[in-house]
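Lettered A, B, C and D in written order, each chain numbered from 1.
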Amino acid sequence: MSTILELKNVNKRFGKVVALDNFNLELRAGEVLGLVGQNGSGKSTLMKMLAGLQGPDSGEILLRGQPVRIRSAAMATSLGIGMVHQEQSLVPNLTVAENIFIDKPNDATRGGLYRWGALFEAARTQLDKIGVDIRPDALVEELSFAERQQVELAKVLAIEELVDHPPIILFDEPTSVLNPDEIKILFREIQRLRTRASIVFISHRLDEILEISDRVLVMTNGVKVADKQVDAIDRDELYTLMVGHEREKKEREHTQPVQSSRPNPRLRIRKLTDGNKFKNLDLDVAKGEIVGLVGVQGSGAEELCRTIFGAEDSVTGEILLDDVPALSQGPRQAVSNGIAYLPSNRRLEGMLAGRTLVQNMVVTYGLEYGRSRFLVDYKAEEAAATQWMSRLKVKATSGKDRINRLSGGNQQKVVLGKWLMSKKLKLLLLDHPSRGLDPGARDDLFEAIKEQARQGLSIVFVADTSEEALELADRVIVLRDGQITASYDLQQGVIPSQEDILRAMI
Amino acid sequence: MNATKSLGSNFGVYANQARGLIPLLVLILLVAGSSLFAPGMLSMGGLSSFFTDAAPLLILVVGSTLPILAGSIDLSVAGVAALAGVLIVQLHPIFGVWATPVVLCGAALFGALQGYVHAKLQLPSFITTLATLSIVTGLALLLSNATALPIPDDDSIVGWISGSLGPVPNSIIVVIAVTVILAVALRYTRFGRDLYALGAGERTALMSGVNTIKVRCVVFALSAFCAGIGGVLLSSITGFSSPSIAGNLLLLSIVGVVLGGTAISGGVGGLGSALVGGIITSWLRVITVMVGVAPTTQNIVFGVMALIAVMLTTDRAKIGIVK
Amino acid sequence: MASNAKAGLKLLAGILSATAFIGGILVNPSTAIAAAPQKLIAGIDETASEYWAEYLRGVEDIAQSVGTKATVIADNYQGDQLLAQLGAIYAGGCTGCSLVTNSTSNAYVKAVVERSARSGVYVVTVWNRPENLHPWDTGNNKWVAHTSFDGVESGYLQGMALCKALKGKGQIAAIEGVPSTPPAFQRMEGLKKALAECPGMKLVDTQVGEWQETKAQTISRTWLARYGDSLNGIFASNDAMARGAVAALREKQLNGKVFVTGSDGSKVGLDMVKSGDMLATVMNDAVLQGAISMALARAAAVGDIQPDKLTKAQRDFYLKQQLVTKDNVDQFLAQKANAPKYNYADIKKDFWKYSQGEIPAGVNAAK
Amino acid sequence: MANSNSVRHEGIHFGRSRPLSLKTLYNMGPVIALVLMVVVFQVITGSFVSIGNFKSILEAAAVPSILAVGLSFVILLGAIDLSMQGVIAATSMTLSLLVANGINGNDFGFGGIVIAIMVGVGFGAFNGVLHVVGKTPSLIVTLGTWFIGLGVAAVLFPDRVPAIHERLVLGLSSVHIAGLSLIVYLAFAVIAVAYLVLKYTRVGRMIYAIGGDEAIIVASGLPVKRYKFIAFVISGAIAALGGVVLSAQLGNGNADIGAGQLFPAISAAVVGGTLLSGGRGGALQSALGALMLEVLSNGLIQIGAGPYSRNIISGAVILIAVGISSFHMRRKLRIVK
């Protein structure tokens, strides 16, 4: 197979941090290259470089043998390099059609004048390609999350039209926010594409990598540690290569056998209804129990957590926490009820960007460490915060670092630490806690969570994948369209197969 | 963005602390430069009268810094100041000496209400306070029948403020006292912490259990309270109250806040530097007179100098997208 | 990205500072504040105004005749700005300086006078003076005098002119200035006086135009919509607002048909009287006012007069004004074209030559 | 103020689409409010609804709507342009000194008008550069240029008010078609063009996009700076046009001519449904808002409300109007600054 794209001795550093160290890469025509590595291993930097968002400090990039300098995302597009972002890159107040062609020249918008009819037509054909039925003239903000994801895909695939030669398409953790159906569609698309495009595929889910890609490339701290054909490698090997140490097979060990049908559980939910997101939902969670919620986008799993945290708008029903009514009107009330929530959208709802780690840690419970409830005691709370950060193994030079500078995993730990600092926490809600985390960081996080459960904290979490649920939870609950469709008490040895769970999901 | 981030990272904390000093540097340069033309400005008498005149603006700047720290803006300050002055005269027959404290409490209440409307109804502070500005201005004109009235001589509070402790005018003592108290509150109370959290990322603050509505109310109450004090200071300078007394202090106070290095987008800044920003602004107002350029050009000079100062004092490392 | 932004920043700052510097050079630094004693200072509300420009001409005449140059400060109608600027000027010590200024509103008169008195500066105020403050009871004789034009008379003259033009019968509406300023409510007083003497003439509405052309125009428009042809005259408290009214009338081709009066005697005002767009205006000679006021302050500063020895009529007086109609407009236009050059020596012979008598009690309090 | 809407839409759990009928109803909000006002005033005065009065409302609303529309281009970005009054003042002086006037011999005719507009373009460009290249918040940049504009006007001002003799200019207000001055038609033209630009050109769509989510546009490598710059230039140019029209109405140049134009223009935009957070609303909405405010003030004069109580009432009405029209947008987690 001929080489489409080649990187030669590329270097990139941010301050002291080395992102790419004399990195070499070959991408061949019509292959799917799987790219794995822990956060901070340089994957994203590599992607950004190819997508024209960053330039290399040194080294050269060859496209079909020709050295190129990809100066901007627009230029990357015109060269036939497209990227499906981890977070969506659609403008909410524009139409689907505009979004698809926003970064591409198009007859319908030639000369800076929009011929809407033609534009919608062009968009229609792009959407048809991936077989989705979305109105091109709809505003993106009116679409469901899944629909947006499809538009996102259509937007990138539209690059095909731009260039006569096969395009290069980069997928940066596209599956982390997709449900199994959508992942199926995506993989089908990728299969279809490989005939006329070269693809780089990043994911933390090693099975996915092994399933979709022909060749897998492992990175750690900006260097390539392995470059193997998939059939020449298995999951554990891959894990070891990437994390650097054997994966210790953990036995499911538990503090005390907890029965879900306990007389007075810590959390008792009755007839909880939130608009059309879920109806008359009942759920009990015991002290020290870890409940894993599984469900596709819109199944109501996330909404359930947010509702318990008082973050949803129209809620009716009953929530009892230690037999005290705790249907919170807002997050503040939930917090004072001893409920904590780890949001899935960390950047938006979890961190105070631009503030230091300590400032992020103490924002909610710092004053518990003061002499009075109103006056801040900097020494005390900083000590507490630092102690927690070390307990959670947060990797940072000092508590005075700005949180933006940490890797996703460490950020997540800080956000979790913010809640764990409380002395009177009863219930911890985790919304996709491992989203965007590499396996290493993910294991640390899960360890910390289990530790909390042993301490007697009740935990409800929305799992990214069913394996995750099975690994972490004492009880797995599957939701579909706002209804509980299955509940497996792993304590009682009821271990469902992934197929069981999948069937309950869809 | 990434480059900006890494840039911030290189300097780290110390750079940020240094940044806070830039307004002060600008001020020093400004004073040094202009006093070559008018050395007398730095005389005891000169400074004392300068600060007497600057006091109202300074307190307004300090006050309106708070909403901006929270990412909002309060356009009603000048109106509130004028109304406060008017009310002090109007209410004197009823409350006598206590008119001033009563008015200030009233101002705080009004501010709190305004903050509540803005936060609870989720109306942009810009338009909310714009509307209330026109309301309070109307009230001031209506109550005073648009005439200037003398402050009663037996109003000992306003009387005291107009006096001075040695060369130091009492008005500036008031300003500093208020600023210090507020600064301490910002540093050591839950309110201060929540306020900065709000500015840094309101959604996160909300999801961390911060009572954003309450914080907003307090913030606007304080800014209105400071505006009220501003009105009292103006009255103490003139010995009169008038609905038009606060004039264009609104615009100047915004300039002052920004020159203090406070980011309009919120979360970045402090009261100490706000004070400095206020002083810079007041200095810029008289710079044409000191340097002796013709009065026709004073608006141009003020505008240009202000822009230069802003260019130097805004901290771009912390502002992601600038609107 | 950040780096080139920084570069662009430096460039910008550079450009800006350059502009500022040039801006500074352009204008004569000769007026820069040296601690020159006996400086002449003139405070005006804005530079972009015909009235204040003429007023300054009078001031400059005096300044030249005594061989110096006046320091001019503009406050843009902001009293606190005026105070701050005076503070800056007095900072270097200014004993024996003399100041003529309008304190933007009654509220600031006391402050301006006392601030100046403390620095040993002799003050003559114009236009604004609170009812119960007088040169002889405030600022221990550093407040030399207060000069103004009789607003009540002005309003009365306009009113009677309207009455005469309407043959004693018709509907008129009035546009008031900033109500807190004496000229504004005085002129309205005068109008009421005229209305009393002219029972056939009805005042149907009064709105506040705040001396502004544009506001007056909007108000007049609304009137025309509301009263249509039944409106026969518009009483505007100054020429600027009269211009606004005429502009509104012009849109309906009613200019000249609906009688408009103003006050000030500005060039455009006179032109409109000549062209017939305006019925009448009242001539307030700004040049004269500037000259006499400056001369008085100067005289006290150099000791040519002792304020405490002056009578009340000499320290708080109106200057002459005249009604301008089509009949006598040419003479005033001629006067505008080549205003007499005043000098200190002549005025010193009799400072009160153009006085129209002491300002009566009560006129400075809004009714 | 700025980042509010990027926040509102990122949250994946919000912004579910609502029934279209309801949606259109919300969009109709301002229109309904307008009709209500007219009815109320008619009931009170009994004489409010009349061709004559509507004409005078249109005449009065012409300039505010032009200015509001110009401002919208910047507001749609999520930025703000406060320099309007300065620009208007500078334009008015430039115009009145370049066309046939009572001060100097100049008589550039149409050229004078063009140059006057170019002054506005210049200010807009200045704002744009400082904001975009200088990375300084638009609020403070334009506040600075506001002062500069006033200063320029002051410098240009000759000893006496320059009366304008230029037919081209005066004609704008004196020539009437169907009882409406050319200014009204000009206003309609400006609104129409602005609407077309915002709907059918890349510039317009990008202005919306930047207001919608600037970060994404930046990441897509699109020339955000260029579009922002253009928006400020347009805003400046239209403000200048407003200055020309105002001067035409007065028949002379005036340095205070812009006084009190800015805040009503902003209110108009917001009341009409152009959100300060950017990306929402447009030319039509802003113009509608201007019309509403004009109806309000005209009506208040008609019912004989005192000048001071007018301030109070209109302030209250604006607050209520905005409050009601955005009530349906309230969410527990919505962020508005």
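The criterion applied here is as follows: a contact is a pair of C-beta atoms (placed from the backbone, for glycine too) under 8 Å apart; a residue touches a chain by one contact, two chains touch by 3 or more.
Being a predicted model, the structure only gives us computed values, none of them experimental.
Separation of chain A from chain C in touch steps, taking the shortest path, is 2.
When the interfaces A-B and C-D are ranked by how many C-beta pairs touch across them, C-D comes first. When chain centres are defined as mean Cα coordinates, A lies farthest from chain D.
If each chain is reduced to the centroid of its CA atoms, chain A and chain D end up 43 Å from each other. Centre-to-centre, using mean CA coordinates, chain C is 33 Å away from chain D. Averaging C-alpha coordinates per chain places the centre of chain B 28 Å away from that of chain D. For chain B, residues touching at least two other chains, in rising order: 1, 146, 203, 206-207, 296-301, 304, 307, 311, 316, 320. Under the contact definition stated at the top, the residues of chain D that touch 2 or more other chains are 7, 11, 130, 134-135, 154, 157, 307, 331, 333.
Among the residues of chain C, those in touch with two or more other chains are 5, 9, 12, 47-48, 74, 208.
In terms of which chains touch, the assembly is arranged in some other way, matching none of the line, ring, star or all-to-all patterns. Under the touch rule stated earlier, the contacting chain pairs are A-B, A-D, B-C, B-D, C-D. The residues of chain D lying in touch with chain C in their complex are 47, 50, 52-53, 55-57, 59-60, 93, 102, 129-130, 133-135, 153-154, 157, 159-161, 163, 173-174, 176, 181, 246, 249-252, 254-257, 259-260, 298, 301-302, 304, 307. Note for the complex: chain C touches chain D at residues 5, 8-9, 12, 46-50, 53-54, 57, 74, 205, 207-208, 212-215, 217-219, 221-222, 224-226, 228, 243-244, 246-247, 250-251, 253, 266-268, 271. For chain C in complex with chain B, the residues that touch the partner chain are 1-3, 5, 9, 12-13, 16-17, 19-20, 23-24, 26-33, 35, 44, 47-48, 71-74, 76-81, 83-85, 87-93, 105-108, 110-111, 115, 119, 130, 132, 178-180, 208, 366. By the touch criterion given at the top, residues 52-53, 72-77, 85, 89-94, 98, 102-103, 109, 112-114, 116, 141-145, 302-303, 306, 310-313, 330, 344-345, 348-349 of chain A touch chain D in their complex. Interface residues of chain B facing chain D in the complex, by the touch rule stated above, are 1, 70-73, 117-118, 121-128, 130-135, 137-139, 141-142, 146, 202-203, 206-207, 251, 254-255, 258, 263-266, 296-304, 306-307, 310-311, 314, 316, 319-323.
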